[in-house]
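Below you will find the structure I want to go over with you.
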Amino acid sequence: MRMSLWEYANPKRFMGWTAPVLPVVFGLAGVCLVVGLVWGFFFTPDDYRQGSTVKIIYLHVPAALMAINAWIMMLVASLIWIVRRHHVSALAAKAAASVGLTMTLIALFTGAIWGQPMWGTYWAWDPRLTSFLILFLFYLGYIALWEAIEDPDTAADLTSVLCMVGSIFAILSRYAVLFWNQGLHQGASLSLDPEENVADVFWLPLVVCIAGFALLFIALVLLRTRTEIRARRIRALEARVRRA
Amino acid sequence: MIALLLRDLRLAVRAGGGFGLGLAFFLIVVVLVPFGVGPETAVLTRIAPGILWVASLLAALLSLDRIFALDFEDGSLALLATSPLPLEGAALMKALAHWITTGLPLTIAAPALGFLLSLAPEAYVYLLVSLLLGTPALSMIGTFGAALTVGLRRGGLLLSLLVLPLYVPTLIFGAEAVRRGADGLDPTGALLLLGAITAGTFALLPFATAATLRINLR
Amino acid sequence: MIALLLRDLRLAVRAGGGFGLGLAFFLIVVVLVPFGVGPETAVLTRIAPGILWVASLLAALLSLDRIFALDFEDGSLALLATSPLPLEGAALMKALAHWITTGLPLTIAAPALGFLLSLAPEAYVYLLVSLLLGTPALSMIGTFGAALTVGLRRGGLLLSLLVLPLYVPTLIFGAEAVRRGADGLDPTGALLLLGAITAGTFALLPFATAATLRINLR
Amino acid sequence: MLRVQNLTCARGGVPVLSGVSFDVAAGQALILRGPNGVGKTTLLRTLAGLQPALAGAADYPQDQGAYASHADGIKTALTVTENLAFWADVHGTILSDGIFATFDLVDLRDRMAGTLSAGQKRRLGLARLGVIGRKVLFLDEPTVSLDGFSVRLFADWLQNTHLAGGGISVIATHIDLGLAAPELDLTPFKAAPDVGGGSDEAFL
Amino acid sequence: MLRVQNLTCARGGVPVLSGVSFDVAAGQALILRGPNGVGKTTLLRTLAGLQPALAGAADYPQDQGAYASHADGIKTALTVTENLAFWADVHGTILSDGIFATFDLVDLRDRMAGTLSAGQKRRLGLARLGVIGRKVLFLDEPTVSLDGFSVRLFADWLQNTHLAGGGISVIATHIDLGLAAPELDLTPFKAAPDVGGGSDEAFL
């Protein structure tokens, strides 16, 4: 019998195949990050306008990208939970949320540190910054809802609904914020149009860093999902012992 | 469904004046701001549209947790869920009742309070229109948030945390419309978007709310 | 009495993170104001002290109705009233627990939020000191208000209505202290008055609160 | 007719009862017995469709079930009549005057529900059952706080009006109602510690 | 010893019972009977000092009274042990292990009170009485929702521990507790429509 892809989402199987995969992903993430950051920090020239401060881009941009990706992953995982009720996907959504929150914070902090030399202020109500602040609030609410509900299945259901409704409103907020204020922030640095891209010397290490962050994100989500599965397993065993 | 609306309105009136109090809170927030910010008219005029909108948002927020909490505690909600009334309809009626007891009186009173904050004279019309268009969305979104947190004790603050980011688009378009009106610019775009949000929330959120309630009643 | 304090803190933590949420509400109010008022830094700097104080006041307010409501509903309050614990002590402990879960985290976080509103750099110290001196008064006054409305369903909004005027002096002196700090003036007078209010409320209100509770328990 | 087959139900994600099967014919009542915590409330809520069953099924005419427990949805700020009228409205039935007499509420018609004594409030809660006109009643300790006279009043209504009209009811109680109805002891159905199906099932 | 003399008590500003007099000696219990709405709850709350009497007085050793009703101050977010420990702390007593056995709570010690069944929660509420060490207990329907076994458990504790230790208790109940105690029917004390003393008295 051919095994369905969904079989990998069975908690036991998931624990099985992630155990060997996890160190590999962590290793790759480490390699990419070390290469990308060292390259970016020590082997690229200073920017003619921004000086050495430009180098914070190697943390800022990948973190910002991962912050958005984490939300998208949460949305997909929530949909899978609603449709197919695979416990692993619900827990993966929960895992992605805390990683996403951390990435959002890193993007906000590095952005703020960058803002001081660039715009002369740590914080401005620029649309992109503002969108990120709103994203941060969404993450906070989502995680708080997970924490507030006792029964894990109920929590998974409710957070899934919140994630779906929240996604619509997050997109709406993005447009609203653009409508509200035109900003100071840079445009996209990675674009198909070569004219718009940052110079190649900055670009290559940036790509490596983004790959590193992406791998790190995957590794952290896997790790946290495994932790959540273990926690649920302990819960189940405790319940069984209590009843016996 | 009308029975539910009437009951909720009657309860709001009986239990210590539901109508008056949302309004009173709005009034007090508007009054507190000059104490905090200082009495200069120029500054107040400048921030009036924003403060009025933020205050109506907070006034709406404050009564949200009552939408379902009492019905949940005394078992009405479970009984409603097993009654012939579709839960989607109940959600809609709850939002409507909340709007009638909070949003509507607030909208009617807002011009008077704009006065306290020296709102620019041109802006009054837009303040009224934007609140009329926008506050129903606040009630509907809030009802959804209330459904999410209904089983939880001390859900009140969690509710604010969940609902406030959802309020952002409504707030931005609403305040922007008033500000543009005050500055003599054209606020139609903002008003249209505001209307679209309200229409969208009323089309979609009753279903999300009903689903959430069903989960929470399990 | 310590047992009551510990129990309340434990309940706050268990029931969905009492600590985090008051804070979150504060954060969100501060975030909403620029959406309403517009993003110009000059305006924001100007109104930052007032908004920060009004926001902490509202954050404190939002959780007030929980101080006694749950204990009243499940009968704990009647049992406490017939226990050897003096009700005055219970009132004090309730206010303290409220402050620890709301006022304290809020004070600690306020500088970070001042940042979002581009608060003048000189004002940070005074923001911190004024909140540290003033928020306990907010909790104590709020506890008194909560005692007044404890028997009433939908007491939440009535509570705001009763408590907000009582908050006015604290708000005025608190915001004034920060504004003076921001403008490079001497804020000592305002801070002293703020401290006096806090001392006064803690000396008197526990008795008023206990008396109110006794009446409401009849 | 109500047919319950091999039902497993859970509370807090833990299976509580498993393999519950019984039939109740139209015009019959069934009394659930069992010590505190055996799962009577859980079973009734599952039957009423308020929570999903882990396994098995309960069949009865759709939209004919009604659940009643301690929390009986009485609004303290409405009068007795207003409370009943609301539920009649929601269920599209008519509030007849007879119901007040049946449940000894005639003197209390215009009293705010919040000022009733425990037993009076309970009678109001039971009167709701007479108003909504549902055929299959799931009753969780319906006579708590009632005095002997009121218990008989309720038993009479159940026997002579509800059951006589082809109704069904499943009643969990620790008190003897004086009904001529079969009893079912739930103790044998207590879920074994290793019975499957809880919300953590997949993790074991 | 508890001595009640010519007590008149009111609810909602209306006198409900008047001229209630009785004595209960140390080591004795008194069971209050009467139909729903006669005023048992009102009387017990008045005796416990939760509401003022319109006339008459109740004498018993000060600070020895305790009131227990349905609303028994259980925090759903605390465990069974934490709930009891809190009340022990407030009353300055020590939470002994034996209390869990007495009220059949041993298996539930670390369970959140919110996850208990109705009867289990009631047992927890009763266990509080064993913890606080008060001598004069005013109990309003203490055995509601309890199964037969638990009712006996409670009656045993009351008889062999509380009363045997010189305690007093006044119990309103519709259920037979199996206690050898005198009963008092409150029906004769029902306040006549023209008895004075309500809050509107001065305006009549």
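Residue numbering begins at 1 within each chain, and the chains themselves are lettered A, B, C, D and E in the order written.
Just so we're on the same page, contacts are C-beta pairs under 8 Å (C-beta built on N, C-alpha and C of every residue); 3 or more make two chains touch, one makes a residue touch a chain.
The model shown is predicted, which means the values in this text are computed figures rather than measured ones.
Using the mean of the Cα atoms as each chain's centre, the chain most removed from chain D is A. Using the average of C-alpha coordinates as each chain's centre, A ends up farthest from chain E.
Contact counts per chain pair peak at B-C. One simple way to say how far apart two chains are is to compare their mean CA positions; for chain C and chain E this gives 37 Å.
Centre-to-centre spacing of chain C and chain D amounts to 45 Å, using the average Cα coordinate of each chain. In whole angstrom, the spacing between the mean C-alpha positions of chain B and chain C is 24.
Contacts with at least two other chains are made by residues 15, 152-153, 155, 158, 161, 164-165, 168, 172, 218 of chain B. The residues of chain A that reach two or more other chains are 134, 137, 140, 144, 148, 180, listed in rising order.
The residues of chain E that reach two or more other chains are 70, 77, listed in rising order. Interface residues of chain D, counted against chain B in their complex, comprise 48-52, 63, 65-67, 69-75, 77-78, 82, 86-87, 89-92, 132.
Remark: chain C residues 3-4, 7, 10-11, 14-15, 71, 73-76, 78-85, 217-218 touch chain E in the complex. The touching residues of chain A, counted against chain D in their complex, run 10-11, 87, 150-153, 229, 232-233, 235-237, 239-240, 243-244. Chain contact summary for the complex, chain A toward chain B: residues 134, 137-138, 140-141, 144-145, 148-149, 154, 157-158, 161-162, 164-166, 168-170, 172-173, 175-177, 179-180. Looking at the complex, you find that chain C touches chain B at residues 12, 15-16, 18, 21-22, 24-25, 28-29, 31-33, 35-38, 43, 46-47, 49-51, 53-54, 57-58, 62-63, 65-66, 70, 152-158, 160-161, 164-165, 167-168, 171-172, 175, 179.
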